[in-house]
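Each of the next two complexes has chain A plus one other chain: chain B in the first, chain C in the second.
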Partner chain A sequence: MSSMTEQHQPLLQVSGLTVKLRGFHTAALVVDDFSLTLERGESLGLAGESGCGKTTAALALMRLLSPGLELTRGSVRISGEEVLDLDEQSFDDVRWRRVAYVFQGAMNALNPVITVGDQIVEAIHRDRTQDMARERSRELLESVGIDGHRAGAYPHQFSGGMRQRAMIAMALAANPEIIIADEPTTALDVVVQAEILDLLIRLQKERGLTTIMISHDLAAIASTCDKVAVMYGGRIIEIGAVEKVLRQPCHPYTRALVMAAPQSHQDFRKISPIPGTPPRPDERGSGCAFSPRCPFARDICRAEQPPLRMVGESSVACHLVEEL
Partner chain B sequence: MTPLIEFRDISVHFPVPRGLSDWLHRIPHQEICAMERVNITVHRGEIHAIVGESGSGKSTLARVATRLQIPTQGQIYMNGEDVTILRSRAAMRDYRSRVQMIFQDPFSSLNPSQTIFAHVAEPLIINGTSGDAKNLSDKVLATLALAGLRPAEIFAQRYPDELSGGQRQRAVIAGALVMEPELVIADEPVSMLDVSVRAEILKLMLELRAARGLAYIFITHDLHLAAAIADRVSVMRRGRVIESGLPSEVLKNPTEDYTRQLLASAPTLDEALERRAARNLHAGSLSPPAVARNVQS
Partner chain C sequence: MSRFMQPSLGQLASGLLLVLVGLAALVPDLLVGPIETIVTATGIPMSPPSADHWLGTDEVGRDILNLTVHSARITMLVALLASALSMVLGTAVGVVAGYARGAADMLMMRVADFFLVMPAFILALVLAPLAIEIGGEQGTILGFRPTLLVTVVVIGVTSWAGTARIVRSQTLSLRTRPFVDRARVIGASHKRIIFLHILPNLVSLIIANTILTIVAAIWIESALSFIGLGDPFQPSWGTMLFNAQQAGAAGVGAWWYVFTPGLTIVLVVVSLYSLSHSVALGLGSQRRRAA
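Entry: the complex of A and B
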């Protein structure tokens, strides 16, 4: 290693990120050993059912966990620099400036009593005069497809899609390298959903942004992302290129998710739901978290947690992957 | 055969509020047309899907069908009887017990301080059809079991926050079913649920149709979903029905551009993957697209 003087550093390298619920005696892990690597300009979709830890993992990256949650271990490196060790003040230079977050629920994430322009100005504020910041907020709105003159409007004067665009503009305020978008299309109309996804693709290309999109909509991930990570019970259970993972899923859970997603010209009666519900963080046993719902589960699945390992071109956490 | 419910030339207009300056400047009264001469017929046991984007008038239709909105124009017939204007309370009560509604958001349509039992029992008590306590309890538990919340005795005592999203939607469905309606208006019943749970709820709705001969008006913005579950699909835009037909026809040969646009904006997983593959092929010759655009201009 030492012989390589200029070792290649990926833009984002997360390893072993683990978040637990405070106040539980047993290990109630909401996110368990979350690791991934993204190169500059890559886009990753984070998929999985509600409650599987997608949002928590992303918030842990931003050091924005709510007080009931605790980051117990893990490392986040941006261009090789460890950012979890930084003190709160130094981390301010990372949050929004290097990694920005588009929060879930565009309908409610904006302050209703402040104009949209002023809210973006608030996000820019530092190092700029008020006038410069206003000018910049107009530019940002234009860049996401909203007329700059609308900066003086209040959130309720915007449609749902426009509010989501404004949220994205706000995330772009400090020219970040990485954007995490949490369910950016949920609760929006289909036509508007397609527009927001197009906007994200355009921004990725024009600005060379690295994006992480959290979504339970596999079709949305397939349209916008290069890679996909599927989470279950707080762990990544399959990660790889979108074409590979969504066309030939290896993990039984990924298969079930793909089967549950609507396909074109398919009789609905053939769509199969996944029986049962995901386990709560304090109810997971020592084995694979999916084993209670898995049709293929054997003794080893119930006893031992399968590690994430390379299978062909993607990584899969399943004991039986070779046999299935 | 007499249809279960028939909407004939229904229009709903809302007045635009007028301020003092409008009055001073003699700006004429304006109206928003939420529904414009809409004709929809639903037969017994039929699932009729209404598809459209926000503001197309599909929720106004639900409000008209549940008598929360009085149409400006047009008639509603139920089993051949004109029910456009119901003057007596008894007639209204009878209508409302025959037409029930399932709302979109199972997280906000259940009272958090009420048990599931109380939620399902409430319509019976309000309508005075509950009978004695034993009768009420039997009916509620049977309905919960029918909606797939088994064992019903245990689920009945739970509060909404103890249930998953799918279970909550089952409880909401039980609340609609307990009146033994003939028609259920389902307004985006699965859009707030996980993909893995959606199929379960849709299957439940189909089972209930088979068991009870229920008819549904299924409101959704997802044309693929509508086509997968419905017997008939009507596409609405700006308050008008612009296309109506069998799901296979509408999906395969849409006659309106708007329907095509709706289909294109919500690709299914396989379509999204295919489009992606096509885009990557193009990217080989054109990349990066931003540069290509500059060259052209």
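Entry: the complex of A and C
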């Protein structure tokens, strides 16, 4: 095992990440056994409904959980180095320098009374002089397609798309290897969404970035990512190559999710929503979390949690995958 | 700030009045000549408004207009110093309590509660003789005449708690905003977050609130002077009312003696309220834009 890891170490290896709600007697798991592996330059989309634990999983691996949440176990290795064991000070060097985060809601993540340029300067690591940092912040803005002269503008003077670009520029500030983008296209109109996605693809290619994109927009994931992980009830229920998972989904939830996404060439009447809502973390039974909403559910689904296992080229967590 | 940039007629008038008060406080000699004393008084005592004395004279023949203009300095000095004290103290306590939360917040807010219920008059009544004892009736403490210092300290000490509460509640909201989390993630220190991310967002609130503190300070200064706790050697509007009351001005029909300082206080206070309102409106429109 050790000789194997020495030969080849993936850039990011997350295994068994588990997050629970503090103050609950029962195991209220918000993220349950979250594992994935990303090679350098790969891009992964994290899909699923609201409340499935996508953002929590991403924040957990950045060690940014809010006080109500607790990381109970798991490991995050970057180039083979375990980062969850590092003390807070050492982790500060990993966060933003190696893994950067594009926060959800670009408007709220920018301070309304400080110029965009100065906020990017803040993100540039402090071993540069003020002038160098200013120059670098202008370069960063240019690299995301904003005129460098706009560095002196305040967030409210920017459009929604420009704010999102500025947030991406901020994430690039310390030359990270991995960027996690949380809902980067939400609340933007489709044309601007396409521009932001193009920007992300371009940055992936130019800088060899490894990206994790959290989105409930399957089309956005399909156009930017190599791999996709679908989450439900805090667990990854299907993970594999984008074309495989989205074209031939194996898990009933992934199928339902694909059916629920509107496509422009499709008759709108064919969109089928998934009845019901995801279960609360403290209300999940012992079985498959999707079983109450699953049209194929049987006794075994309600009794036993299906493990994630290889089915063809992707991994699926469903008891009935061979039969469906 | 667009609404603030297009002031209404009332706001213009208020602004003009405040400029006049400012001039009176800074260069009173240019407006009405040097201050008149009992020795230099030229008028007939208690004479009604005339061409020589536009607003009449007091019981020793001093020109009321002259006194009113010269009084602006003490009133405004006390009000501004007290508000500055209250603003600095209140903002510091409010930001630290709101940002730190927990035990520190609890402790600071209980102290603030104590000062919130402390009556300004009683405190002034207790402190004034003490200050005169320390500084002497003619002497100074830290360059201030003792009674003046008492007024500044009493107003400052009794009004900071309100500012602290308002600043704390806004800080509680600001500290949970995503941009503060983002700054923390980037590695910003607490000091940096407070000074760069929280304080600038509080500026309009602090300004609007401080103007209201100035209003309160003018009220308290006038009231304290009116009951005789002012500095007898330096006129303020409250001291003038005190003198008018001592001379029985209202009883002998010398309305100009009572009305002039009284109306001046009312007009200045109304002007400041109007200004504070404009700043608060500016704050509102800024919030709407940011939302």
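The working rule: the second predicted complex is superposed on the first by the 316 of 324 C-alpha atoms of A that agree within 3 Å, B and C clash if a C-alpha of one lies under 4 Å from a C-alpha of the other, contacts with A are read in each partner's own complex, and residues count from 1 in each chain.
We adopt the following convention: a residue touches a chain if its C-beta (ideal position, glycine included) is under 8 Å from a C-beta of that chain, and two chains touch if they have at least 3 such contacts.
Because the structure is predicted, anything quoted here is derived from the model rather than measured.
> Will chain C clash with chain B on chain A after the two structures are superposed, or do they fit?
fit
> Is A:G105 touching anything from chain B or chain C once the two structures are fitted on A? First, second, both or neither.
Only chain C; A:G105 stays clear of chain B.
> For the overlaid structures, how many degrees, to the nearest 10, lie between chain B and chain C at the C-alpha centre of chain A?
Placing chain A at the corner, the angle measures out to 70 degrees.
> I'd like to know which partner A:I196 touches here: chain B for first, chain C for second, both or neither.
After superposition on chain A, A:I196 lies in contact with neither partner.
> Is A:C301 contacted by the first partner chain B, the second partner chain C, both or neither?
Touch status of A:C301: no partner.
> Between chain B and chain C, which makes contact with more of the residues in chain A?
B
> Of the two partner chains, chain B (first) and chain C (second), which one does A:I114 touch, if any: first, second, both, or neither?
After superposition on chain A, A:I114 lies in contact with chain C alone.
> Is A:A219 contacted by the first partner chain B, the second partner chain C, both or neither?
After superposing on A, A:A219 lies in contact with chain B but is clear of chain C.
> Please state the minimum Cα-Cα separation between chain B and chain C in the superposed model, rounded to the nearest whole Å.
8
> If we count contacts the way the header does, which residues on chain B are in touch with chain A in the complex?
Residues of chain B touching chain A: 53-54, 164-166, 194-200, 202-203, 206, 221-225, 228-229, 251, 261-262, 264-273, 275-277, 288-290.
> Could you pull out which chain A residues touch chain C in their complex?
It is residues 62, 64, 92, 95-96, 101, 103-105, 108-114, 119, 122-123, 155-156, 170 of chain A that touch chain C.
> Considering the complex alone, what residue numbers of chain C touch chain A?
177-179, 181-183, 185-188, 196-197, 200-201, 203, 286, 289-290
> Along chain A, where are the residues that touch chain B in the complex?
Answer in residue numbers: 49-50, 159-160, 189-195, 205-206, 216-220, 222-223, 242-243, 246-247, 256-258, 260-269, 271-274, 277.
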